[in-house]
Structure formats: C-alpha cells, structure tokens
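First chain A sits with chain B, and in the next complex the same chain sits with chain C.
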Partner chain A sequence: MKESIPGWWSKGAVWLWAVAVGMVSASLWLVVARAPVESVMGPVQKIVYIHVPSAIAASIAFGLTFAAGIAYLATRQWQWDALGASSAEIGLMFATVVMVTGPLWARSAWNTWWTWEPRLTTFFILWILYAAYLIIRSSLRGGSRRTISAVMGIVFAILVPIVYMSVTWWRGSLHPRNVTMTGDMRFVLQFSILAWLCFYAAALACRFRLEWAAEAAAREGDQAFHEARLAGEASR
Partner chain B sequence: MTALDVAAKDLKLLVRDARFLATLGLFSATLVLILSVAFGPVFRDPAREASATIWASLFFAGVLGLTRSLAMESETGGADAIRLTGADPYAVYLGKAFASFVLLAAVFVLLLPLTSVFFDVGDLSILPALAGVAVLALVGYAAWGTMFAALARGLPARELLLSVLLFPSLVPLWIGAVKLTHALWDTGSLESVRDWLKVMAVMDVLGLALAAWLFEAIQEAGE
Partner chain C sequence: MTYAIIAYVSSGLLWAAYLLLLAVRIHRARRGS
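Right after this comes the complex of A and B.
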C-alpha cells in the first residue's frame, strides 16, 4: 500500500480541474447564449441547466459512497472509506445546489417556494441524512469511524432510488418528469450534465488527495511516535 | 446465547428500571396532551389529527426507549459480555429488536386509549385492524431503530442524532401508519389506503435484511 501521494495523481487532478473549469464555463455560456428562452416561464426556466445536472451528480456521488461502503466492509482498506467519505461530501454540496435552485424554479412555476410533494420531500430527507452522515463521521475516530461511515453510506443510499421513483409511485406529484425539449435545449442540458460530472470528478480527485495526505500524515506520526518511544526506552 | 435469551435479559432490565418506565409513560402522555391542546379545543378533522398525534408521540418516546437498553449495556460492559459468549450478532440484534418491540407496543397500548379519549375517535370494532397496523409499524420501528441505536452508541448527543437518522429513514413507515390509522378512525376500513400495507411490509423486511447484513460490522465498530 503506497502511503505518499504519487506525482501522477496530483498532475492528473490539475488536468481534470482544467477540463472541468473549461467545460463548466462553456456550459454556462451555452445556457446564456444558446439555450432558447422558454415561452411560458421565461429566463427562470434556465435554472434547469444547473438543477438537473446537480441532482444527477448528487445521485452518482451517493451511489459511489454506497459502492465504496460495500467495498470497505469487504476489504477493510482505508482507500474505500476515503473514497466514500469524499464522494458523500461532494454529493452533499451538489444536493445543496439542488435544494437552493429547486425553490427558485418553483417560485416561478408553482407560485410557492416550497410544497410538500413527494420528490421535494424525499430529496430534503436525503439531504438531512447525508448532512447527518458528515456530522457523525466527524465525531468518530479510528476504525469505528470507517465502519460506521460505510454502514451509513449503504443504508442512506437506499433513499436515492426512492427519490427518483417518488414522482411515479406517489399520485399527485407536481414535479416535472420526461419534459419535452427542443433540440437546442436538449443539447445544452446534456452538455451541462457532462460538464458538472467533470466538475464532480475533479472535486473528488482533490478531496480524495486530501484524505490520502491525512492518512499518510497519520501513519508518519504513528511511526515517529513509536521511534521516539523506542529511543527513550533504549536510553533508559 | 439465543435471541430469546437476549430479549429476556433486556426485558428483565427494563422491568427492573421502574423509574425509567414511569418517566417514559409520563413523557409519552405529555406529548399526546400537548398535541391535543395544540390541535384543539375544537378539532377540524379529529381522525387525521389523532392519527398524527399518536404516531408522532410514539416516535419521540421510542427514541428514548431505543437508546436506553444500549446505553445500559455501554455503562455496565454488558455488550462486551454478550460478545464473549460467542453469540451470533444477528441473534443479539433480533433479541434486542424484540425487546424494543415489546417496549414500543407497551407505549402504544398506553397512548391508544389516551388519544381516543382526547380526540374522541375510534371504536372497539376496528381494534384488531388497528393492532395489525401497529404491529407492522412497530416491527419496522424496532428493526431500524435497533440498528441505528447500535450505530449511534457512544456518540455525543446520541438521542438527537438518533432522531435525525431515524425519522427521515422511516418516513415511508410513518406516512403509512398515519394514513392507515386515519382511514380506520375515519371510515372504519383500510380499503382506500391498502397500498400502504405493502410499503410498510417492505420497510419491515428491508430493515431486518439490512441488519442481517450490517449488524456484525456495527457491533464490531462499537467495541
């Protein structure tokens, strides 16, 4: 198991960031310049180009935390725990974007900031659970921190398909699904999804690098402590 | 050590702790009282308000009950002793979940007449169906609650964290319980909300299945 961060990882992360920033900038330009203004809602409808990619990125992030949780419980390797925690943190950031952009859109579409309809309610619950994940993780230390995080990552991810299917399962859902779009709208949305997924990958690479550095520092600290203790015992 | 041994031990400890049981009973009754005052004095839809009241009160009372047995074990080293017997982790989980179910059922039995009287809802003919709904809801609550309580053991402010974790996870179960109870108190039949029985049964099975998979890891993390 390598403990120091290899150079190729850091260089790769820089390149990934460069691609992500370029693509996100291009997607924002496309949203402003190319995506047509929707006839009923007007410019507010353009929130969808941030809202939908953020929701997809959050779902993928929580899905990765789920998979990393299973891998950690099976192998007990710290890398899986670091990957799951990093992904959960970035997923929560995207989920927060969804929680902010959703009401902005709803105010214009439904004339209310918030309504207790299934997709909104289940997504809010998802947000609370992953916020609790980070609080609980930060209050634990050692091996239990990893195991408990893996368990939470697995259990909470069960809500992701429930959020997705809520508009189908519960009658009376107001949330749009299978929206008809013009060619330009569809292209801009697909490009935005790709751009924000790139952003997610770059953020994940960076966050994982931090976990890696923390792990290496902890191991070096342990080693230095043991060496100092041995030296102290030898001099006695 | 079998699941029944663990359940018997937990129940014996609970029965001995009469002060805790009395406080839990009083706390639950107070919750019903507060909510009935908040909704009243004239109820617009007594069946709806009563069903929300009984399940909300049971949830908060249940959080205290769920953390109690695990907290007692942490204080006395009982968890380590059970591990030393070589008992199967899932048997330990089932025993604890069963003891929690019995405790929650006792709280429900206390709250049911109180709610019925305060809100003037229900009659004896719907009691078997209501008992069925309560069993479905409480099995799920005990199954998920025992798993989460073990997970939150040793954490600072565990009661608060348990509420934060449990309530969102069990939303399908609570909505089902409230809708079914409301239907029974309102129309005397479950016909219009039959689908929620399936949702609740799925939540029960899911909780028990997840615990079968994950409880050993949770128990190990708590050492």
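Right after this comes the complex of A and C.
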C-alpha cells in the first residue's frame, strides 16, 4: 500500500490531538472545580460550558464550509471540497451536541424540553440542513458531487447569521441574547471555548485525512483502469 | 445536577462514537488505496 498522506501531517495531527485532549480535560476540571454554582439555576447552569463552545464551534465549522465552497468553485481544486465536507461533518457533530445539551438545560430553566421559539427553531433548521448536506453529498458521484456540495455549503451557511440574530429580530424569544459573565465563570467559559476550538481543529485534521485517503484511492483506481485499458488496446 | 451530568456524559459518548467510526473509515480508506 502506498502512503499518500505526508508524515508531517500525521505528526501535526498527533500534536494537535494531544493539545486538544489536554485542553478539553483541563476545561472539564475547571467546570467541576473552579466554575462557581449559579445562584438561580444551580449546578445545571454548568451545561453552558459545553453548550456555548459547541454552538460557536459549529458556527465556525459551517463558516469554513462556506469559505471552502467559494474557494472550490473558484479554483476547482479537490482540497477545498475535502475541507468543506470535513468541516460540515464536524460542525454537524458540534450542532448535535448543542441539540442534546440545550433541551437538558431548557427542562430545568424553562420547565420544558423544547419550545418552538426563534433561536431553537432556526438552529433546528440549521441542523436539518447540514444533515441533508451530508446525505445528499453521499448520494452523489463524479464532478457534480463537488460542485453541488460547494453550492449547498454556500447557501446553507446563510442560516448561521440568521440563527445568531434570531433572538434580536423576532419577539417572544426565551433564549438569552448575550451571556454576560464575570470572574471565574467568564474565565472558565473562555477557556472552554478555546479548548473545544482546539478539539474542532484536531477533529478537522483527522476528517481531512479520510478525504485525502479516499482521493488517493480514487486516483490509483483511475490509473489502474487506464493502464488496463491501454494494455487491452495494445493486445488487439 | 443530574441534567448537567447527563449533558456532559452524552456529549462525551457522542464524540467517542464519532471518532471511533472516523478511525474505522480512515483505516478502510487507506487499505483501499
């Protein structure tokens, strides 16, 4: 088997994972040991330290898919398509964490698992769209797969600022607009955001490796096909 | 408190399952190349 992925990429990914795992572990320790218990909501408020970083990471991931989509349509290089698809998949995972942790917090804070208020509804639509992105992409083959994926990545990302602004634009939102924190609570949240962004970078490097290996396999397959075809024509 | 623990544990399990699946997919793709 021919190694198609350069050694520096693999080594870099290992270091990135080491930093990410270390930082996420430290952030979890800070959540337990240093973050103060909120006076009104109690310990359940500590969900914020995974809910908000995951929402930010998902937004950045979908933003990168948007940028990679534009770059692919401009250059037609497979790396941009691979980056966009990888980021969309990791972003969907972060969005799923938001969808799991949100209702658990809502049950305690609002006495309901789910309500069709603007922020929750728009985020749910965002989650569905990126799930659809991956399903549609997996069902396509050939050159159209990359072009359609790039277009979907660009179009679907329009919803990201709508999700952010939904609490301002529409009335009746239960979701808080901006979380204002001070002291240890603020520090732990900021550290958690940084830690989960490192985790996003490490997961993205890992997912990109899959696209790289798949691309190498496809190229070797094409080459073997052409060689067999040339050998067949020569023997006639 | 229970909801907070469920939130962190379920998120951890979700990521663990995804990363395991990703490792299997990478292994299969590399074996195919």
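In this section, the second predicted complex is superposed on the first by the 232 of 236 C-alpha atoms of A that agree within 3 Å, B and C clash if a C-alpha of one lies under 4 Å from a C-alpha of the other, contacts with A are read in each partner's own complex, and residues count from 1 in each chain.
In this section, a residue touches a chain if its C-beta (ideal position, glycine included) is under 8 Å from a C-beta of that chain, and two chains touch if they have at least 3 such contacts.
From a predicted model like this one, the values you see are computed outputs, not experimental measurements.
> If we overlay the two complexes on their shared chain A, which of chain B and chain C does A:S144 touch? Say first, second, both or neither.
Touch status of A:S144: first partner only.
> Is A:I136 in contact with chain B, with chain C, with both, or with neither (first, second, both, neither)?
Only chain B is touched by A:I136; chain C is not.
> Look at A:I154 in the shared chain and tell me whether it touches chain B only, chain C only, both, or neither; answer first, second, both or neither.
first
> Please work out whether A:Q190 is in contact with chain B alone, chain C alone, both, or neither, and reply first, second, both or neither.
Touch partners of A:Q190: none, neither chain B nor chain C.
> Determine, for the superposed model, which of the two partners chain B and chain C contacts more residues of chain A.
More residues of chain A are touched by C.
> Starting from the residues of chain A touching chain B, keep only those that also touch chain C in the other complex, and list them.
Overlap of chain B and chain C footprints on chain A: empty.
> Which chain C residues qualify as touching chain A in the complex?
Listed in rising order, the residues of chain C that touch chain A are 1, 3-4, 6-8, 10-11, 14-15, 18-19, 22, 25-26, 29-33.
> Flag every residue of chain A that touches chain C in the complex, lowest number first.
1-2, 4, 28, 31, 42-47, 50-51, 54, 93, 96-97, 100-101, 104-105, 107-108, 203, 206-207, 209-210, 213-214, 216-217, 220
> Which positions of chain B touch chain A when the two form their complex?
Its residues touching chain A are 147, 151-152, 154-156, 161, 164-165, 168-169, 171-172, 206, 210, 214, 217-218, 220-223.
> What residues on chain A touch chain B, complex-wise?
It comes out as residues 73, 121-122, 125-126, 128-129, 132, 135-136, 139-140, 143-144, 147-148, 150-152, 154-156, 158-159, 162.
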